[in-house]
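Order of writing sets the labels: A, B, C, D and E. Residues in every chain begin at 1.
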């Protein structure tokens, strides 16, 4: 069952990911990305990382919705009514993308992961959250606080860059 | 070879590839960010798969996933902020037009 | 029934579904529920629910006269309703193309009767094997060829605007910079697209018939255009109006406040020498003040609907109907209920938050009625009326100029009106109705002018007569001046706020009609 | 019940909901078909025919909030694991998270002071 | 088995909500009204607007229903009566509710109508503010329960219900749940007087029936969530557990509808500002207070 779910949701994630760049409607594009991420969340669930999976499903819904509004704000034709193509160097990109897939897959296939493995059973989901909590407050505390600082930096940067500058400054900026 | 692990890794690789395609081919800053999101999502899959099949007892792996998720969100926030500022100033977030205006 | 029925087969469940369809009537009222209420119709008593859009309605209820634009609107709304659908006409005229399922007189009994007949019609004939498409000239696209073109583009999809891989910055693709360069900027500097969205003539949060077009920048209003109703009822015929015809024409002008306009016409005619037909000075006061109460309560009900305040909407509507239907002698007994209602409205903290600071209008000349009085002016035609002065009338005034003050002022005026009626009753028993004229009165030649303080402000009527007929009519109504204020009032307001601003002015599309 | 079985039930619930919707649509179709008429499929616009598409570049006036949200939202990811071990870790947890949240709150305050928390 | 019981319970709750809503808008009580309304909707035509995004238009009502159902799936009616007692129950419900937003965005964008579109984007602004007020009070609840299992959360309220233990959290959660299921006074995406039914405007017939059903189930789900997280779920003397659950859910649902009946819609400016400048700091304060109380052994 696990293998089936992993394969199914993995495939769903890939299909939605492809759809992201295949549609000319921005809304569809953003929602495809959203469902790609949701499928990934489900994949995490199948991998028994319940907390991470649910978190992914939840976070991405709101984040990608915000992505959708920004796409609708900034794209020339958000509805895709004109059927415009907004890409360049398609060939090169396609080759690079495929090449990357090949390369990474090959590495994945030819590495003997078994030798690296230390444990094959995951703890129960409830225990996992506790472990993660202990990790947060113990060994990784510094990482966690650094994340806090990073978020703060991002908030400040975002506000500073995005919030409207008064009109007189705006003119000589451009 | 564990087939589950391989499946997950291939999914990750595919997402990475699609993301790379997006980053290289899209002309628009926001679409480009979608590519980056996909690349990061590919990384996420790999991280979770490694955690599950290689080190299920080490929660630093899960911690790392959280960090990557944070990075995804922050990348979006900062990216949109930059896009907003650009759009306000130039009326466009097309990458090519950015070059054109620079020259 | 061919435009009513849904194409369908009779199934085992058919009968049950038909019964349900007949019972569950959702009405879209044209011009609007406000007109229906002012005409004394109680829709809930007939088992009707109000629908906000034609999509959710299966009954188109036409109330009273429908001047040009509204007739078109009725056709469009009917076309956008889902079958099975019915149309009930209460009143005289409707667009010829509209298939009327039932008609009845404009009264509560008429409504009940009509709805009964509709139910019968629906429960037997809602499904037919063969049905006809409904069409009217206004529904067919004027630029059909263009639409087909864009259709094709949308389907086949890809005018591939390929351009060089080197990114030579060539103009081979459409430049976003160019697209956005000339767009108007929002206050925060973003060049965004704007869409024109119609609000009205039949919009749930606006008075029925009021037709606004907002240019929306996101969800804030960048520009507003208003389109007035076009009525022909005051167009002077070649030979001039006979006095009775004029009376009817002026009354038909505004279905929201018929009594005030009737009084206005009668006063003007009296000034031209016709025998006095008004119920006498104090009788006028009683009639006018009752109508003011009814009108203000109707406004409250509309405001309730607009800001999604279901309690206010229902309560105000009930009180409005109670006031409208009460005998004049019993009218002052409603005072106590009104006071309790007033207290409950004022106590609501979210209502205060919702209205305060919205729609600020600086005190200026030209404002009339409650809007003027709310911002501290004492503009009131009643101060010049001896009957009012006799009753020691003093206009109420507010001290702010936002929507909240207008609400407070109208609430104050409710009590004032009830008190005025009570004072009149203590002096004399007023006539219940304005009596119709028996025969055509003789008019003297010349010019006359009358004014009445309608619930929305002072209305003035100027008549010119010669040879027993009225040759020129000039009417000056309170809403027209306010309509001109809208663009400056609404600019860059959030959509909901903008609509609340409009609503707080209590515009009547009827008395601003041209 | 194993976790996987539980997810399978949830998935089944979702598929069941789709099934219910589909059967209702099918029932509605069985009752009768929809007749195409002029003007019927134009989006309702309070009594006027408004044929232009509404899809335009939409100006979200709450974008300042949206950007702050993207960053601020992430704190939830850390808060849940923290919450479930709060009692056993005691004061350390309170202080640790206190510092973290204080840092984030600072960001919120900065945004507030710079006018991100308003309609643009 | 328990799945069937819970789904039936949800439908019964949705029916009760529909009844109460009808009672409030119309003023008279008709026990069959929702049934009639549903039948009438099924009997009516159902259209798709011209040149829509058909995929999004069709998906939205179903997605709303699924999101509402899944949100309810992790909430227990009694110690054993639960669809899936996930270890991350408290988080899962947030995840499910997030898709309400996605559904409404789809419903807004799909039909290509101006009212619907404005309604959809309005809801985005509303949810990115108020979803925090759903999440943060649940965090405080989890601190006390030391678990995200919804059954454990109910169990932790044996002494004091969370409503009394953390009244601030309860208040914020209640308000936020109104906002998330877009009930008045937060019904801005489907406002009648501002957008002529907004996101619902272009839905007709069976599609509208599904949309409305999803909305009703959503209200019941959020009422159930309030009951589980703050009112001690099935806990109560004398009566069997499921009766207590049902009573509490109905009471909360009624309170939610009544609150909207007596309050006007909130302005966008206030909606956002109140949440970010007052709600979120208060929610953080609530977490801190609960933390201190837990450490102090209360």
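Rule of thumb we're sticking to: a contact is a pair of C-beta atoms (placed from the backbone, for glycine too) under 8 Å apart; a residue touches a chain by one contact, two chains touch by 3 or more.
All figures in this text were calculated on a predicted structure; none of them were measured in a lab.
Participant: Give me the two chains with the most inter-chain contact pairs.
Facilitator: By number of C-beta pairs in contact, the leading chain pair is A-B.
Participant: Quick one: point me to the chain whose Cα centre is farthest from that of chain E.
Facilitator: C
Participant: Quick one: point me to the chain whose Cα centre is farthest from that of chain D.
Facilitator: Result for max centroid distance from chain D is chain C.
Participant: How many angstrom between the C-alpha centroids of chain C and chain B?
Facilitator: Inter-chain centre distance comes to 54 Å.
Participant: Taking each chain's centre as the mean position of its Cα atoms, how many Å separate chain B from chain E?
Facilitator: 32
Participant: Which whole number of Å gives the spacing of the CA centres of chain A and chain B?
Facilitator: Roughly 6 Å, centre to centre.
Participant: Which positions in chain C are in touch with at least two other chains?
Facilitator: Where chain C meets two or more other chains at a single residue, that happens at 6, 17, 53, 55, 83, 154, 167, 176, 179, 188-190, 192, 195, 197, 203, 218-219, 494.
Participant: At least two partner chains per residue is the criterion; list those residues in chain D.
Facilitator: Only 3, 7, 27, 31-32, 35, 40, 42, 44-46, 50-51, 53-61, 63, 66-74, 76-78, 80, 83-86, 93, 108, 119-120 qualify.
Participant: Listing for chain B: what residues touch at least two other chains?
Facilitator: 66, 69-70, 73-74, 76-77, 80-81, 84, 87-88, 90, 93, 96, in rising order.
Participant: Please list, in label order, each pair of chains that touches.
Facilitator: A-B, A-C, A-D, A-E, B-C, B-D, C-D, C-E, D-E
Participant: In the complex, go through chain A and note every residue touching chain E.
Facilitator: Residues in contact with chain E: 25, 27-28, 31, 34, 41, 50-51, 54-55, 57-58, 61-62, 65-66, 68-69, 79, 81, 124-126, 128-129.
Participant: Using the touch definition from the top, list the residues of chain C that touch chain A in their complex.
Facilitator: Those in contact with chain A are residues 150, 153-154, 156-163, 165, 167, 174, 176, 179, 188-190, 192.
Participant: Which positions of chain E touch chain A when the two form their complex?
Facilitator: 51, 53, 55-56, 86-88, 91-92, 94-95, 98-99, 101-102, 105-106, 109, 112, 121, 124, 127-128, 131, 147-149
Participant: What part of chain B is in contact with chain C in the complex they form?
Facilitator: 84, 87-88, 90-94, 96-97, 99-101, 103
Participant: Residues of chain C touching chain D in their complex?
Facilitator: Answer in residue numbers: 6-9, 11, 13-14, 17, 30, 53-55, 70, 72-74, 76-77, 79-80, 83, 127, 131, 133-135, 138-141, 147, 186-188, 190, 192-203, 211, 217-220, 494.
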